[in-house]
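Take a look at the structures below.
Okay, so subunit A shows up in both of these, paired with subunit B first and subunit C after.
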Partner chain A sequence: MSQSHKDILKLEGVSKFYRTRGNRYRRGGGTVVALSRVNLSLRPGEIFGLVGESGSGKTTAGRLVVRLEEPDEGRITLDGVDITHLKGGGLRDYRRKVQMVFQDPYQSLNPQMTIADAVAEPLITNKVGDPADRLERVLGVLDTAGLSPAEDFIYRFPHQLSGGQRQRVAIARAIVLEPSLLVADEPTSMLDASYSAQIFEILQGVRDQMGATIIFITHSMAAARYLCDRIAVIYHGHLVEQGPAEAVINSPSHPYTKALIDATPKFGRCEGVPTYGTYLPAPRPAGEQAGCPFFQRCALAERLLCSATYPEWRQVAGEQVCLCHFAAEGGQSPPPPEECRLGG
Partner chain B sequence: MALLKVENLSIGYRTAGGMLKAVDGVNLSLEEGRSLGLVGESGCGKTTIGMALMGLLPPNGSITGGRIVLDGVEISALDEEELRKVRWSQVAMIFQAAMNALNPVIRVSAQMTEAIRTHRPDMDEQAIMQRVEGLFNLVGLPLERLHDFPHQYSGGMKQRAIIAMALALNPKLIIADEPTTALDVIVQDQILKETKVLQEQFDIGIIFISHDISIVAEVCHDIGVMYAGQLVEAGPAQEVFFNSKHPYTRALVGSFPTLAGPKSKLTPIPGEPPNLIGAIPGCRFCDRCPKDTASCKLEPPKWQEINERHWVLCDHC
Partner chain C sequence: MSVQQATLQSLKAGRRALWRQRLAENWRVFRGNLLGKIGLSLLVMFGLMAGLSYIPPLIDPMYHPMTGVDPLVVKSTGPSLTHWLGTDFMGRDILSQLLAGARVAFMVGVSAAFMSVVLGTAVGMTAGYLGKTTDTLLMRLADMIMVLPTLLVVLMLAALFGQLSIWMIVLMIALFRWPGVSRVIRAQTLSLKQRPFIDAARVAGASHTRIIFRHIMPNVLPLAFLYMTFRVTSAIVIEAGLAFLGFGDPGTVSWGMMLQWVWKTGHMFTAPYWLLPPGICISLITLSFYMLGRAMDEVLDPRLRDETQAG
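Showing the complex of A and B:
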């Protein structure tokens, strides 16, 4: 894509720290770095994947974007407007434009509210329309979220729905205000594998029909490949690789991205598939604070360089960039044979 | 002789709405040292089968028909006292939520010795401790963490401790119920590979329960696909996966994304599984099936042989 487009959302040098509490036995509290100087920019109408394991900071990033939390450093802008420290009415207006789908639909829906009430709640809070108008909108978004006929669902309670249906209600609730940005935090990880495809389809529909930009947070490389235009891989609060989804997955450049691909289940005739082997099963002693975030687990790290110096972003190919001292341009790996399937 | 034979097993739960047939006429057999994956969505009865194999059905659940034979002993006919002897020494279980399967206020070492002490009164404390240390080495846990409390462990370490406990008495059969769902991709991969190595090393039979067919296909020799309380397709893993016959299996395979190959469109499975309270005359999948015909709704499907080891419960395959 050219430079002519305008980024919808920008994170500039965003960091978030959590203080841990001390107790009787462990004196004093420490600081946990959940996100460290993260730069991201999202283009309008794209589905952007944030991939990493639990504890990598991907959920924190999502929570900062919807402003459930405030960053400790850096700046977040939506359409050029600084929203980093919005409060009161400004924040309320912002939340009309930015919505979130949470991981666990068994916890994110109020068990005492009917589906109609739950989905209409954002409309009431924001004083949108009259009751008849609201009902019409609720029926409309339930339909978009794949719950049809919508009339069958509106008077039910969450416990009468399956996990997949609940998650679709949660999506309906998030899109009822027609947000321009939707953050979906592992929307399929609590669901059966057979439901994920439905959720993916609905998210694509939300993007195509409503023109919303979506941040899709996931631990699954396969899901990211299927759904996302671009992805960023995050490790311990640091972004380590970023680029078009297909490029990052077919020819990963960062050792951690390679490790994630190694860990994906494989079956079929997979003899020709590269095993990168870039992940140390047991961590090596920590390097200096300033060193590479992946140093302890990286099989390729060089003691002096990687333990002491924070790597710089390097361009690998086109838009693919990688935070590694050893990232080289090119380095295409051959595509795996057709019969080999990698999934998960 | 097969290590485990499940014959025409039916299990029901008494509920306020009536008898819920969670498992209906399931036949399974497992040879020593082989692994069988049970796949299906939640509510298909796969965990219920696992619990029945351990004799751990909840109070409102009971075996309503058929039998379970483990190594020549009919488990389904044993009383509670006899079951206690078989449980853990012959058949052990790796539970779904490793986080919750360990007692948070008892040190890991004490939890591990407990099972051995109960079943092996002949072993003295020193021998038990040696055994526990051996198990720790086996699953790759550092010995200096032996006396920690569970909360001091990471998720992967807890799962390793659970696996070590399952191996403690050299069982012939291990039931692994979604052992890696709560874990990260990288840890999941490590645990799966280690389980496979241990299984081959000790010739243990494993029943691997999961909703993720890609994991099962990687780990298991054979796959049984379950739908609404019935087994609908069974055979060698590669066969069932690449040459799936039952429309439900095909839908399962087609509904998850892959990392390689063409980025084909995923095919979501429409609808929801049927309510298992009350009788279902015809095929249970017919409401969601692309091949649905008039006779499917009325007549129960029959088992068709694809080849000697690959079977499918569908009249139109």
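Showing the complex of A and C:
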């Protein structure tokens, strides 16, 4: 926290609730907590991974950052400027700096728009350059996104491209304004594995060449390990562990992180390697609860302590912090054998 | 700079080529549809009739569909060399009336359908995009208008205000026939609004106006266009019904009007050469617009295409 003045993006105590509407028969609506008091800070030029299972709130976090939605509590700042409740012109200026790549490339491009129009759209809405200027930038950015020769792609419609090509178009569209922050929401979950590696390389290139900070949202520990500098693990709207990608994945400390790693398929020589076994197959509780959010599904939980008291952040090693009553400095698990580690 | 300009030119050319390619593709699907081919040929025939309707009055004033009376004829006569389809009760040429009727049918059908589709699309998109109170108000209004029996209401209005001009009838039909279109367009807008490319447009900084006109409208227009062909049918039928019942525009010759004259002058069972042509024309033109609509349906919705032709 000491170098907080250098952080590009900060989320402070950000919560987001969704109200479910009641109807005539099921009186009254409930509240679903999508994010609960999340604190995050991103350093300029890093690739930050947000890892969690389906419905853990990781996409919500991304949508809050690009302000597709407004948080119910807390504050989001970019370069020290509060953007939590920006509207109108301020929001438009903000969106010049923050762009997003969506999960499904089959859905995130307008089927009636040519590639040239789709990629140029951010330039047009932000009144950048004249048509010739914009075309040049579109061609350049398509090239950066690995679609070359770019001239062959600009007259096509999305349905004439493959999934991987569409996702490259979506990335090109997101980086055409040269944003300082890019949110990539599971950009590879709809693609073949062979495309994923290429998309990762493009994202790395965006970081290295444009100096953009990237929030990489994923459910895959291996992808996070491969691409990210730091990662945060999110469960049911709560951050539970945060730290350098290498440390969090090779020597996880939170039971949930361990469960996620257990859930990753392992092959070959690693079949005999013991798992952490921290996961209890129990249903995920629907509402908010007083104690640890992972309590019902945690094999290590002690009923009295964990069900009643919300855990505190504890430092495990260096920058690795963990939200668990049982985490202790140096208490992280030893790394598995070299050949069985995730990623590469 | 010149290189840039050249690329820009080629982009424009490429875009035009793209649209041509798209049209050609759609035309190929359309051509593969038998109903569509029949419908289109019939419509071309009616179109020719409408175009030819200007010729008979030029040949001889007695062929004017409304005012031209053959001085040698005093009662309805059957087909002859001077009057290919015969004459009506006061010696007017039936063929020239039939041709003029095609012109009126197209005019009424297309303009009423166009107006109701424009109105319906605007209302549907507004309701779907804005949602909440606007949606409720507009859709309840649509419901109220939708349950009104159009023909009956227009009849009552005609009875109240005397004879309506043809354009008043067109306007009336348009005003009563938009709710169906608006419901469909609203549903489509609602589903489009949830699609990620709208979110993507918002992130790209697009304004509401831009989202509506650049992202939602191009995606609902094919559907609106499809509905237009079906609306043409209903507009023609309503106009014919009104005219037959004696509430049409007395200054125009429409097929419904011709039927009314047959009936009113008691030639219903004695002059088939007078009764059948307008009757057949009304049936055929509505049928052909319907068939055209069905074929367009297939062009616009790949799921309806014949699997063997895919690829």
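Everything below uses one rule, namely that the second predicted complex is superposed on the first by the 315 of 344 C-alpha atoms of A that agree within 3 Å, B and C clash if a C-alpha of one lies under 4 Å from a C-alpha of the other, contacts with A are read in each partner's own complex, and residues count from 1 in each chain.
As a convention for this text, contacts are C-beta pairs under 8 Å (C-beta built on N, C-alpha and C of every residue); 3 or more make two chains touch, one makes a residue touch a chain.
Only a predicted model underlies this, so the values are computations on that prediction, with no experimental measurement involved.
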Partner chain(s) touched by A:225 [first = subunit B, second = subunit C, both, neither]: first
Partner chain in contact with A:136 - subunit B first, subunit C second, else both or neither: second
Subunit B versus subunit C as contact partner of A:265, first or second or both or neither: first
Which of subunit B and subunit C A:275 touches, first, second, both or neither: neither
Partner chain in contact with A:198 - subunit B first, subunit C second, else both or neither: first
First (subunit B), second (subunit C), both or neither touched by A:155: second
Contacts of A:102 with subunit B and subunit C, given as first, second, both or neither: second
Touching partner for A:249 - first (subunit B), second (subunit C), both, neither: first
Interfacial residue positions of subunit A with respect to subunit C in the complex: 63, 66, 68, 92, 95-96, 98-100, 102-104, 107-114, 116, 121-122, 125-126, 131-133, 135-136, 139, 151, 154-157, 170, 173-174
Subunit C residues touching subunit A - in the complex, by the definition given at the top: 1, 4-5, 7-8, 10-11, 14-15, 17-18, 195-197, 199-207, 210, 214-215, 218-219
Residue numbers on subunit A that touch subunit B, as the complex places them: 53-54, 162-165, 192-198, 200-201, 219-223, 225-227, 249, 259-268, 273, 279, 281, 335-336, 338-344
Subunit A-facing residues of subunit B, complex: 41-42, 184-190, 192, 211-215, 217-218, 237-238, 241-242, 251-252, 254-261, 263, 266-269, 272
